[in-house]
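After this come two complexes, each holding subunit A, first together with subunit B and then together with subunit C.
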Partner chain A sequence: MVFSSILFLFIFLPAVLAVYFLVPKSWKNVVLLIFSLVFYAWGEPVYIILMLFSAAFNYVMGIDIDRKRLDPKAARNSLLLTVLVNLFLLGFFKYSGFLIDTVNQIFHSSIPYKELALPIGISFYTFQTLSYILDVYWGKVKVQKNLISFSLYITMFPQLIAGPIVRYADIEPQLKERRVTLAGFGLGTEFFIKGLAKKVLLANNLGMVYTTVQGMEIGSFSVLTAWVGIIAYTLQIYFDFSGYSDMAIGLGRMFGFQFMKNFDYPYISRGITEFWRRWHISLGSWFREYVYIPLGGNRVSVPRHIFNIMLVWMLTGLWHGASWNFVVWGLYYGVLLLFEKYVLAKCFDRLPGWAVRIYTLLLIVIGWVFFSNTVLSDAVGYLGNMFGVTTGGLADSTGLYLLKTNLLLIVIGMISCAPWLYNQFKRLLRRAPWAAVAVNIVLWLLCVAYLVYETYNPFLYFRF
Partner chain B sequence: MINIFENFNPAGTGTSPEEQKPAPNREGLVILCAKISLLVFLAVFLVLLCFSGNYKDKPVSVIEQAMFPAKGISSLTKGSDNDLRRCYGLSAEDYDGYFLYLSESTMAVDELLVVKLKDSSQAAAAEEQIEGRLNSQIDAFDGYGAEQTALLKAHVLERMGNYIFFAVSEEADSWKADFVSCIKK
Partner chain C sequence: MNPKKRSPLLFFTRIMAAIFLIIFVALVICNIFTKDRVFSEKENRVLASKPNLSLDHLASGQFMKESESYVNDQFAFRDFWIMIKSTADTILGKKEANGIYLGKNGRLFEQFEEPDAERVASLKQSILAFSKRHEKLKQYLLIAPTAVNIYQNELPAFAPAADQNAYMDAFLSAFSSSETMKVIDVREAFRLEKETNLYYRTDHHWTTTGAYVAFQQAASVMELDPSAVSYEHYPVSADFQGTLSAKSGFLENEKEALELYFPNQETAYTVNYVEEQKKEADVYHGESLKTRDQYAVFFGGNHSLIEIQTASKSKASLLVLKDSYANCFIPFLIPYYREIVIVDPRYNYDNIDTLIDEYDIQEVLFLYNANTFFSDKYLQTSLEPAPQEEEANAEATEQKES
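Right, the complex of A and B next:
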């Protein structure tokens, strides 16, 4: 089930809200857990078993590690087993096919394998369980002895399938005690509608533009068409992902949870380093905390630091999908970050802000070419197309048509990427609250109308 | 190497030494049993997942009936044995069943084909024929029908158990979802 569906908006959400607020406090976690399992089972009747296994296994292992605290060797062995089992499951479902394909290509072999569907959200919940287990081992959090609370942490439907990746340490007190206030609920609703509008009104429409361009023969369309396409994709992926995160944060708030911000206007960044502080913040913090710092972080020699950065970014790329284009995309950012740190950092201070922003945006857009084309040669071809290696010329009728028919959408998208529009909304909220409520109602009605009449509603995170 | 063991904190989160003492053997035994049971359960689950067919054996007429209400199918025309031969080079009698829906307009490329194989050895040849049809359609529209070409390239062609599912449509993904849910029920 996805948030941007009529089924979720008009049946599931009202049902879970009604039951949640009707039951006594001690039953609220149970209610959320049951509804979360229903939410997941709706699309994944088989893989719910896997998720329940993950919850049960990590629950038991957390207790096991904690009780072996006075025997470091035994605790270490338990940790190792837990990490290996979690990574094995992620690797088995997400990377085994990719690995066997690669081996087959290199050695011209034909090792057979069964293509299994990727369990939705496995990358998200595996990272959550690992954060819990490592924090228990490091003594940063208390072990969770309540199976319901722990299972709820793993399966909670608002953030289950597209994040943000919630660290156990951040949510532990809220699993025990949380308050839902009218203001908090209202804020949650506003966040949810904002996210829904980003996803349904902006991302879905922008997605159609890029799908049209992607359907064309690479190298045959004009430079203009290539740029319109990739700009539309750049906006689509932001509104899609940040929209989903906003919906998750909003839903969490309705139930009294406070999840961390996952996006902070990344396209206004001055530099790639800043971009990654603003884009998918929860994933960046996870890799920093659980991979980069244990590797030694930046308190090591320069060659080792370069290795650390490249490894972390290769893994970040792989996390997004089991395909070489994601590896290249990750390494691309590794190289850019190193280049910024060791070469460009001082230049940035001397350059005007707009120049740094244009530089950043250009590199981000080029990065999305690798992200959106799962075949590497297509990505390279598309890049060539963007910079003139094409038989389509600078501009053609298709490019002009795409630009003319989508210009308003792209401009609205660009404006919505910056904080200005939302700041205006907040100002309106302070001055005329009812007008702000009206804006939300209009957005909600537009989203519902769109969901009823339009069928193009892709979900970009199935592969994560 | 990633050193996750370095920051081990034997004091935990500040529980008293009394609380930190390993639990009595009985609790340790329960945890050990739970660990082993869970790992055995995982192994069995993965083996079953890999070696079991997930799809039911259903007549294509039942699948067709279940899928027909889906958006976009009713506006297509049901294809005959001749259409199956003309478009795909497939003979209806070679298979356990099929249903085919085609666009009436020559400018539209929407189509839906479900073929039930008699056995899995037919799969490769049938898929090849379908790919041949797809490529000829792409060749026909390439250059002047950007929307049609985009739809053709975004086709869905999958083999699921003894079925081959092929769809070209904006609704292809939702048809596929309907099809999958039908053969999994």
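Right, the complex of A and C next:
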């Protein structure tokens, strides 16, 4: 099930809210857990078994590792086993096809394999269980002995299928004790509506532009068309992804949970380093915490540091999907980050802010070309098309048409990428709270209208 | 700010929570009490009905998919939400939805899509072959341009559209030297008559006026005397909303007139809907004017096979292979033929060669609009030569006749 659907909004959500607020406190976690399982089973009626196994297995292993606290060697063995099983499950369902395919290509072999449908959200919940297991092993968090609480942490529907990746340490106290107030609930609805509007009103409409462009033969459309397409995609993926995160945060808030911010106006960044501090923050900090720092981080020799960075970014790329374009996309960012750290950092101070921002945005947009074309040669072709390697010329009627009919949408999108608009909203809120409420209600009704009559409402994270 | 004043943020969040919950509960209750609809007049389509719950459907996810479209389709005040969405789209400057353009001067256009070159080539071959096989028959080919062709200049600025004219030219040129197949090209006449309503603004069909202009062109090629019958025309409906507005959501409140042409000199006739086994004395179905699909006033829509027997003095019988554009055109032919046999290959899988023998046909008219013609999959199949045995019979009868 996805949040941006009538079924979720008007059947599932009312049901879970009603039951959740009617039952006594001690039942609330059970209710959330049951509804989360229904939520997941709705989209993955078969793979729910996998998720249940993952929850049970990590629950048991957490206790096991904790018990072996006094015997470091045994604890380490348990940890290794747990991490390997988790990674194996992720690898088996997500990467086996990709791996065999690559082997087949290199050795011209033809090992047969069955393309498995990727269990939705597996990358998110695997990373969550890993954060728990590692933190237990390092003694950073107390072991969770309550199976309900632990399972709820793994399966909680607001962040189950598209993040944010909540670290166990951040949410542990809330699993036991959390307060729901009317004001907190209201804040949740505000977040939720904001996220829904980003997804339904902006992302879905922008997505149609890029889908149109992708339907054309690469190398045949005009430079203008290529740019309109990729700019629309750049906006789409931000509004889609951050919209999901906002909805997750908002929903969590309605039930009394407080999740961390996942996006912080990434497109206003000065530099790629800053971009990754603002984009999908929970993923970046996960890799930092559980891969980069254990590898030695930057407190190592320069060559080792370069290796660390490239490894982390290759993995980050791969996390987004099992195909080469994501690897290239990750490595691309690895190289850019290194380049920025060792070469450009000094120049940035001397350049005007707008120049650095344009440089950053340009690189991000190029990155999305690799991200959105799962066939690597298509990505290269599209990039060529953007810079004139095309039979379509500089501009054609298709490009002008796409630009003209989506100009307002793109402009609204661009404005919404910066904090300015939301700051205006906050000012309005202080001066005339009623007007701010009205804005939200209008947005919400618009979203409902678009969802009732939806023609295009994709779920972009089925590869994650 | 006055610290004693209540905090605007707290006020805001509480009001948000309250209003959100109120609207929420209201909508949920409305949904519980909204009766399911089978058909949406506005969208002109059947709405999803309650899904079947079974273990199979649960495991395969079928039940979930069906539930989602069910909930969407049966959502309370659906038509109202659609109206809001379309309005928002218009404000955003959207000019296209579901393959339909919102043109200037309030006219909707169905896009002409680049046809599949191979299919067009093989369609051409099979028509040529058909034409050659039936040298003795008089044959006519009328490919009607659609609005996107005649009113090209009213398309939204820069709207990409494949060039219908180029495809028509290329196709028709194959018949320019044909002795047997005569082309009826109405484009020039249509361009001259552009100022009249040749097409509906909210529907993909030509108007009866458009059909009449086309008929006058056809008459000269088919050697009929168009002045033999004069017509009076007046609207029979003023609230026609075509399928283009239903499909796109554009111009939803636009209502237009639907006109009929009534001859001053009546020719008596009967219409026989073969498959439906129904005989009628009129080609017009007045009751269709009360439904959304008012264009069905002509013959009640498309049928696989219709026979019209007339009291015309003519001895000729005509076979029409057609799409829905022919429905408002055929009434003009009634005075000139003893019998008109109308076949819509999309619904009729009979072999045409066999039909020609069966009905003793002397003339054949192909009448399609360019959009359906170039994307059609059925015509070609029906034009294949009759199976061996019957072909032998056919030859035998042909010889007998001569």
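By definition in this document, the second predicted complex is superposed on the first by the 464 of 464 C-alpha atoms of A that agree within 3 Å, B and C clash if a C-alpha of one lies under 4 Å from a C-alpha of the other, contacts with A are read in each partner's own complex, and residues count from 1 in each chain.
Basically, a contact is a pair of C-beta atoms (placed from the backbone, for glycine too) under 8 Å apart; a residue touches a chain by one contact, two chains touch by 3 or more.
This structure is a prediction, so every number in the text was calculated from the model and none was measured.
Asker: Please indicate which partner A:R430 is in contact with in the superposed arrangement: first for subunit B, second for subunit C, both, or neither.
Answerer: second
Asker: Name the contact category of A:N406: first (subunit B only), second (subunit C only), both, or neither.
Answerer: second
Asker: Is A:R178 touching anything from subunit B or subunit C once the two structures are fitted on A? First, second, both or neither.
Answerer: neither
Asker: Applying the document's definition of touch, where does A:V46 land relative to subunit B and subunit C: first, second, both, or neither?
Answerer: After superposition on chain A, A:V46 lies in contact with both partners, subunit B and subunit C.
Asker: So, does A:V452 touch the first partner subunit B, the second partner subunit C, both, or neither?
Answerer: second
Asker: Check the residue A:G215 against both partner chains and state whether it touches subunit B (first), subunit C (second), both, or neither.
Answerer: Once the two structures are laid over each other on A, A:G215 reaches subunit B alone.
Asker: Should A:T398 be classified as contacting the first partner (subunit B), the second (subunit C), both, or neither?
Answerer: The answer is both, since A:T398 touches subunit B and subunit C.
Asker: For subunit A, which residues lie in the overlap of the subunit B contacts and the subunit C contacts?
Answerer: Looking at subunit A, the two contact sets intersect at 46, 398, 455.
Asker: Quick check on the complex: what are the subunit B residues that touch subunit A?
Answerer: 1-13, 15, 20-23, 27-28, 31, 34-35, 38-39, 41-42, 45-46, 49-50, 54, 71, 142, 146-147, 149-154, 170-171, 174
Asker: Residue numbers of subunit A touching subunit B in their complex, please.
Answerer: 46, 49-50, 53, 56-57, 60-61, 63-64, 66-72, 75-76, 79, 83, 85, 89, 92, 114, 116, 134, 137-142, 211-212, 214-217, 290-291, 294-296, 398, 455-456
Asker: Along subunit A, where are the residues that touch subunit C in the complex?
Answerer: Those residues of subunit A that touch subunit C are 1, 5-7, 10-11, 14, 42-43, 45-46, 182-187, 189-190, 193, 205, 396-398, 400-401, 404-409, 429-431, 433-434, 436-437, 440-441, 444-446, 448-455.
Asker: Quick check on the complex: what are the subunit C residues that touch subunit A?
Answerer: 1, 8-20, 23-25, 27-28, 31, 58-61, 64, 67-68, 71-72, 75, 78, 81-82, 84-85, 88, 92-98, 156-160, 249
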